[in-house]
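Consider the two complexes below, in which chain A is the common component and chain B and chain C are the respective partners.
Presenting the complex of A and B:
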């Protein structure tokens, strides 16, 4: 087993323990809690907050992936070419919008709760995925495309069997970026009353309870790092497979 | 499709017509209650509405011309002028007899029209591909027009401007703090990141150690990062002699600054390494052949050639930091985030806008300016290194 695998396993165990048996960590966080104040966040179970947080991110990211990849396929077809410069500009400009501002701007329209958070996560998540998918689909090796056409593959066959598999690693890199941003933005979502792990940190900030801040920060941070790591591994595996089929 | 029509232009025209039929403004009895929508044709006097409507429809129609991007740009400006006209004339009229506490805010129709017209402008510009100098002129013109509209008092009846007037001094302080946080951490990141990047370029082992650590820092969600900085800096202030005197404390400016700095290092270091790696080996070889020392080669050849990529790293950092500095509002670090989170607490949507809109404008303008700088840097080094 490599050092990376050991570290990965240890961090995962630590994360599970922090979420499922938070009381066990009371002695660790106790020095940071205010005199006589609560050490471990127990207003809501950390497990339910974590699941809520992850579900929000998963829902927003899968919807964003679906829409972004569809749009990217559309603008890389000849019929959608007129929209390509525009879509490039929109992704460039859109990514300068701060995620927090997108979240805050969604509130006047959608009210408080999970709704605006979901919309903000979705809208913001679109951009990196769309950008990567568009780049990947428009820079495929011309020879491979020529060969696919020469083999008599139809347009849909080419898309499903050649273009998307070859573009998958780059698209996945976009998804990874988008998921990491979504995990962070969902944390801020608790300021608009979405039930996420940010609640623990905010509660700590409001009551000057550093123990809460550390506890929430540690859990969110571990989730982000481990998910990022898992997606990187997946990406490498898919890239290897795409590389193998490209050679074969 | 008829020839000569721009497909995006058609899309904008269709979206624009739909947006015209949405409520244009909201009239509320006070700053926090729910309001009622006012449609465009009721939002101002009939004469004003007719002129503005004509301007917007003409603008969208000009946007249909595929072959004439300048007309399309003009169309978007014409439409925007119509939009501002209704808003400035309409606000005062709607407030008449609506009570002292009544507020008028732009509603979905206005925002959608604004978005459509801005997209038309963006589409025209992406076809025109103006050079950096022209882009700078256009940016200055747009900002000048915006400043003129805001200072002329034409929009002073709007709720967001009333929120501004109620805290003009606080807004000025927040703006200064926001800029100080974003640009200060940018400066610090450049001061640390450029030398670190150069070292990483030369020593593969350092690169192998530094880049993963910096990427790890980037994945930590911002709220968690800001939160974790609080106990760290409180500890520093309590234990390091003199730290508290120079303003280091657990809450406020210092933790926000440090969190932003940590996020900034990866783009700066990674882009410095990428820029230096991309310098053509022939140029470095030639410099070595000319008998240039290591230091001469770095300053005279490698850095000027890597400059555009290094600046692109700074652009990423600047845009990212302007956005992240909003979170500082949660830990007493000031900046525009103060208004965003106050507004969220009071459910006062115009106060949220007062914090969010300047942040968006600041990020957008910084991104455009940095892009222009990158373009300039791409052009000059050839002459300098010759």
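Presenting the complex of A and C:
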């Protein structure tokens, strides 16, 4: 086993233990808790908060991937090229809007809960995926594309069998970035009563309980690191084939 | 038979291909030579409709290409390009199988065809079928590219500078392979190149293009011996002309009775081989053999007379 694999296994174990059996860590967090106050957050189980958090991120990122990749495909076709600047502007606006502002604007329409958070994460996740997908789809090896056209592949056959597989590693890099941003941003959702790990952090801030802030932050951080790592591995596996001879 | 009938392509006021007509006989290799910007690649790409002609028509065995949907037309025409254009994410076998898969061949027929082509191109099917293009040498990639273009037994094979990315030694071997495969399969080939040497080596017919026009079209001997204009003469290269001509004539035509010393030549060797043999070994004549038996000799004088006729 390499050093990376050992570290990966150790961090995964730590994360599982923190989420499933937080009481065991009470002695570690105790010095950060206020005198006589609770050390471990126990209003809701950390496991259910974690699952909710992950589901929210997964839903928002899947939706963002679907929309961003579809949009990127559309604007890299000859017929859609005219819409490229417009679509860039739209996704850029999604990124410049602070997530807190999106939450504040969405609450009157969608009410408290997961809805506004989902919208904010979705908008925030669009840009990296769209930019990467568009770059990947417009810089495919020209000779391979010429050969695909020359042998009589139809438009959809070229897209499914050649363009998307070759663009996959770069698109996946965009998704990875977007997911990690969403994991962090989702904590803010707790300000509008979405059930995420942000709840632990906010409870800690409100009661001056640093132990809570550390617990919440540590779990979110570990999720981000491990998911980033897993997606990197997946990307490398795909790239080994598709990217190995992109210059060829 | 492919009939190209006054085909023209105009891009924004510039005529890239100007009323080119030519007939390509079934089973021959036609090489189109020209400098860059001569319109040779555009002409080739109008045959499989990667470029739509502004006017004029192309007929393949009497059928107008404009009557066939472009992607269906292209599945019937092999297409091999410079730098091969293989799919980097597909194995060698799957690359070769691309067109048969598009045509919906049954799996076992495709597998058999892939193995047959790999063997034909001197690549052990078991060793190469499952490799990826990035794991092959440049020459092997190029062969897979040509094998892919031939996979569905197309009526016609179009090749756009197929050997352009290869180094000189591999290129010479690839050219010899192509001739050999052409003799085995009898396919009709149209090949585009900027290299007159390559054209003369491969072609049954050479078409020379300049400024969008087909300036000369004929057998290589004619192009070398009687260039239609200054441009063709320049493409052939004045100093190279005698050697190019000699390389096209087999010694069997000049064999005379008599003995000669030293190593013999086969009767299908070219006069260029005979001349270089004479000069290198300081002989005035070389014995000629057919099927291993000496049938006579070819002399330096005879070679000189044969070339001198064009002065």
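Keep in mind that, in the parts below, the second predicted complex is superposed on the first by the 240 of 248 C-alpha atoms of A that agree within 3 Å, B and C clash if a C-alpha of one lies under 4 Å from a C-alpha of the other, contacts with A are read in each partner's own complex, and residues count from 1 in each chain.
The working rule: a contact is a pair of C-beta atoms (placed from the backbone, for glycine too) under 8 Å apart; a residue touches a chain by one contact, two chains touch by 3 or more.
Just so it is clear, the structure is predicted and the values come from calculations on it, not from any experiment.
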item: Of chain B and chain C, the chain that contacts the larger number of chain A residues; value: B
item: Chain B versus chain C as contact partner of A:187, first or second or both or neither; value: first
item: First, second, both or neither for A:157, with chain B first and chain C second; value: second
item: Partner chain in contact with A:26 - chain B first, chain C second, else both or neither; value: neither
item: Partner chain(s) touched by A:220 [first = chain B, second = chain C, both, neither]; value: first
item: Chain B versus chain C as contact partner of A:89, first or second or both or neither; value: first
item: Which of chain B and chain C A:165 touches, first, second, both or neither; value: second
item: Chain B versus chain C as contact partner of A:146, first or second or both or neither; value: second
item: Intersection of chain A interface sets (partners chain B, chain C); value: none
item: Chain A partner contacts - residues on chain B that touch it in the complex; value: 6-8, 11, 66, 108, 119, 122-123, 125-127, 216, 218-225, 227-228, 230-231, 234, 319, 322-324, 326-327, 330-331, 337, 340-341, 343-344, 347, 349, 352-353, 355-356, 359-360, 363-364, 366-367
item: Chain A contact footprint on chain C (complex, rising order); value: 48, 50, 70-76, 79, 81-89, 98-99, 102, 132-134, 141, 145, 148-149, 158
item: Contacting residues of chain A [partner chain B, same complex]; value: 32, 82-83, 85-86, 88-90, 92-93, 95-101, 104-105, 107-109, 112, 180, 183-184, 187-188, 191-192, 198, 201-202, 204-205, 210, 213-214, 216-218, 220-221, 224-225, 228
item: Sites on chain A touched by chain C in the complex; value: 141, 143-154, 157, 161-162, 165-166, 241-246, 248
